[in-house]
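Structure, as structure tokens:
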Amino acid sequence: MTSISDREKLSYIAAQAADARVNVELETEGMTLNIGPQHPATHGTLRIIAKLDGEQVVAVDPVMGYMHRGYEKLAEVRTYPQVTTLINRIDWVGSFANEVPFILAAERLMEVEAPPRAQWIRTILFEMSRIANITLFLGDMGLQVGAVTPAFFAFRDREHVLNLIEAVTGGRFHPNFDRIGGIKDDLPAGWITETRRVMKKMRQYCDEIEALVEGNEIFQARTRGIGVIPADIGLSYGLSGANIRGSGVDWDVRRDNPCGMVHNETDWKVWTHPDGDSFARFWVRLQETRESTRIIDQLLDNLPSGPIMAKVPRIIKVPAGEAYVETENPLGVMGYYVISKGDLVPYRVKIRSASFNNISITPWLLKGVYVPDIITILASLYFILGDIDR
Amino acid sequence: MGLVPGLIKGLGVTGGTMLRTIFPDGLKKPIPNPVKGAETVQYPHEKESPPTRARGVIALHEENCTACMLCARECPDWCIYIEGHKEKAPPRRAGGKPRKVNAIDRFDIDFALCMFCGICVDVCPFDALFWSPEYEFSEPRIADLLHDKSRLAEWMETVPAFEAYEAGSEAKVKQVPPT
Amino acid sequence: MSASLNIIGELAYWQQTGIRVGAGLAAVLLIAGTLVYLHLFKLVSFMQSRLGPMEAGPFGSLQLLAEVGKFLQKEDIFPRKADRFVFAAAPFVVLMSTFLLVVVVPGGPDAWFIDTELGIYLAMAVSSISVIGILMAGWGSASKYSMLGGLRATGQLIAYELPLILAVIGVVIQAGTMNMQGIVFAQAEGSIFGWDGIGNPYILTQGVAFLIFMIAMQAELTQAPFDMPIAESELVSGYMTEYSGMRFLLFFIGEFATAGVFSAVAAVLFLGGWYIPGIDPNDNIMNVLGPLVMLVKIVGLTFVVFWARFTFPRFREDQLQKLAWKVLIPLALANIVVTGILKVAF
């Protein structure tokens, strides 16, 4: 047992040693600013070690893993229906979208396909979780550059979408609604009318954000030309989603590689922006939210009738094989590589989550920017900690 | 930059929201009533009613349960504890052999562990478990979150009837057993 | 500080001083309280479609007391490596600047704290004391975030002191005096092209100066869009990061009281101060109505401050320096030149 003062001394030495280690690793002198793991800007426990020269960043090193929950390993001892409840919690603000690629991978292994009505509802909920997720981003981006009010607007209007999700699935954040071969339940009566009303509201919200944040000259001065990602560099770092579309790459899995969902039955558009800066990423997400409300409206117009479950055995045993399915999740491309040995449980699940790749560009991207821009750029990359650490 | 600078437009949005909150009936009838205009709900005084399907708390219809253990086995974090025994029940027809039925001695769900996934309700083959949208069961002591058989049975009263489906559905509306 | 000032004049010096100090304290704290409740708790909440505090007292009106009580009972934490004296003294220095600032603001023909020929000059001088307090807080906390915040604040406050003072000079030229009372009387007795129905509030002739003053004031108060020194999304809370309890409360009071006092100065300089058109400004009744008029003007001006604060995102440090040096200061200088020429011409 060491006495308290000894322990204090030890912890002090440890802290100094950690600092020194960082200094040696980054081979520079100057101030080291630890942004995180507890910091208001990283919405979660991401730690960014920034070496500063005055207010300018010399080098940064993102440290991840403070929230690692080991889902890939946990999934190996859970049956297929149980896994969906876990992976709900990867990107916790757009949770239904996490289930879909896994279920699709399992469906591909079992060679079943969901009936059309199930696919339609799945797509609707998928887009809804995108709206719920990106609504939050639009407000949070305002908050990160200093405007408080957009965040309140975001929470206010996201509530309507969450209510809709809850009315169908029973869960606001963790729906656990997607099933191998279909979905758990059908839509409750009156839901379609309500959805149309809410979608109109969400478009209003987008207009509000446009006037409040996007059109604001200060916001533009803060984001235009900041954190420019050229398309080739972005692609080589594995960026996906709105981050790469903001750099002018016209790539959207929903359109290019549809699987188990019916986006292409509707008339929609993939938005891109040529600039590649923080503003472009914000702009693309704003347009995508609008587009999603339109997709949902169109899907509701021609919702087919019929069953919502294909024929699957009660006890699900997935035949041996391997499958990789990716979908365009709110944060970017998310994919599951499922290996089955014909058991009740998957033999191995590899999760490709978008935020992990999106955040790994930061050492390249943040070199030479000012401290305030770190925050804008991180906010515009938009990551969810659960999606980084899994 | 359009005709109106974005800065002024932004002030317009927040100012407009403020006026809408203070005067919910529009500026033609300027009666200040922010309580109505605000979107927030003053929680302990007024409550939002969650939708019928909301997963609030699990209710147990004891008569239907056969202690088959399916729910306990399928629960992802194994937070259902069941003990049961077989007992003889009077025969269905007079003169027949006495039936064997399963009676439950213990049926506990630990809501401190439960992650409200709904798998147990889904897999129960005998319709013994139901979701109730009731959400006010927090406890000062974590051990009190373990609801036993009688507590779970009490929740049955709060289970709402299943709602009808949207047009075009082929699903059958389930029934909640009368308590 | 009311109608009984004739009596005050007959009291001994120390008694007069006592009354004035008490009135000053009350003015600062009451104004700060009103602003926090009305703007921060209520109107801003309405801007965000919510109600704000509702539990303590009717419509949450006693919430402020609860907040103060909460801060008072919190532990006063000193970081281990902090420079204890500097750290402890910083909030008082900041608050001192506010209290010194309020003394030049007149509330009526006889309701003033001090009536000096150097009024506005003194105000501008004491308002920069808060920079020292903020720098002390940033340095004394021994925290990187505080340090960055303190340095940013210093750079910003010094940069915006200039346009603030230059904007005032236009008014001083037009009024022909630096005495705050004199400025009020000059406005009350002025006329617009011979029409003296409402006197001549200088916002009409010094509109540019008023705009510059309001922008510079926003920056001096470190409110968004100029809140880079606090910047809660990157510097946690800037120079206030390490403070807790009582001392944080002092910073907090300082922030809102200064907003009120600066608005009072702006009201005197540009909106005609305490006078009401149509009533003889030397009438004794103005000693009662004057402070109320001032209060209304303060509330109106601070509403604009908070409206902007909760609507706009913040500038980056270099951008706000650019705004000060490249836009506001040249504009203010041009305004002085134009005012001077017109003053001579007419």
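Read from first to last, the chains carry the letters A, B and C; within each, the first residue is number 1.
One rule holds in what follows: contacts are C-beta pairs under 8 Å (C-beta built on N, C-alpha and C of every residue); 3 or more make two chains touch, one makes a residue touch a chain.
For clarity, every value in this text was computed on a predicted model and none was experimentally measured.
> Graph of touching chains, which shape: line, ring, star, complete, other?
Complete.
> When the contacting C-beta pairs are counted for A-C and for B-C, which pair yields the higher total?
A-C is joined by more C-beta pairs in contact.
> Could you state the distance in Å from the CA-based centre of subunit A to that of subunit B?
Chain centroid spacing, subunit A to subunit B, equals 27 Å.
> Measuring centre to centre with CA averages, how many angstrom lie between subunit A and subunit C?
Spacing between the chain centres: roughly 44 Å.
> Give, as an integer number of Å, the spacing between the C-alpha centres of subunit C and subunit B.
The answer is 52 Å.
> By the touch rule stated above, which residues of subunit C touch at least two different other chains?
Residues 47-50, 310-312 of subunit C each touch two or more of the other chains.
> Where does subunit B touch two or more other chains at once, residue-wise?
Answer for subunit B, listing residues that touch two or more other chains: 7, 10, 13-14, 17, 39.
> Do you know which subunit A residues sit against two or more other chains?
Residue numbers touching two or more other chains: 149, 153, 156, 212-213, 216, 218-219.
> Hey, which residues of subunit C end up touching subunit A in the complex?
My answer: residues 47-50, 144-145, 148, 224-225, 227-228, 231-236, 310-319.
> Hey, which residues of subunit A end up touching subunit B in the complex?
Touching subunit B: residues 78-79, 81-82, 85-86, 117, 149, 153, 156, 159, 163, 166-171, 174, 176, 184-192, 208, 211-220, 303-308 of subunit A.
> Across the complex, what residues on subunit B touch subunit A?
Residues of subunit B touching subunit A: 1-2, 5-7, 9-10, 12-14, 17, 39, 50-55, 74, 76, 115-119, 122, 131, 163-171.
> Which residues of subunit C touch subunit B in their complex?
Per the touch definition, subunit C meets subunit B at residues 43, 45-51, 54, 307-308, 310-312.
> Using the touch definition from the top, list the residues of subunit B that touch subunit C in their complex.
Going by the criterion above, the answer is residues 7, 10-11, 13-15, 17-18, 20-22, 34-35, 37-40, 42.
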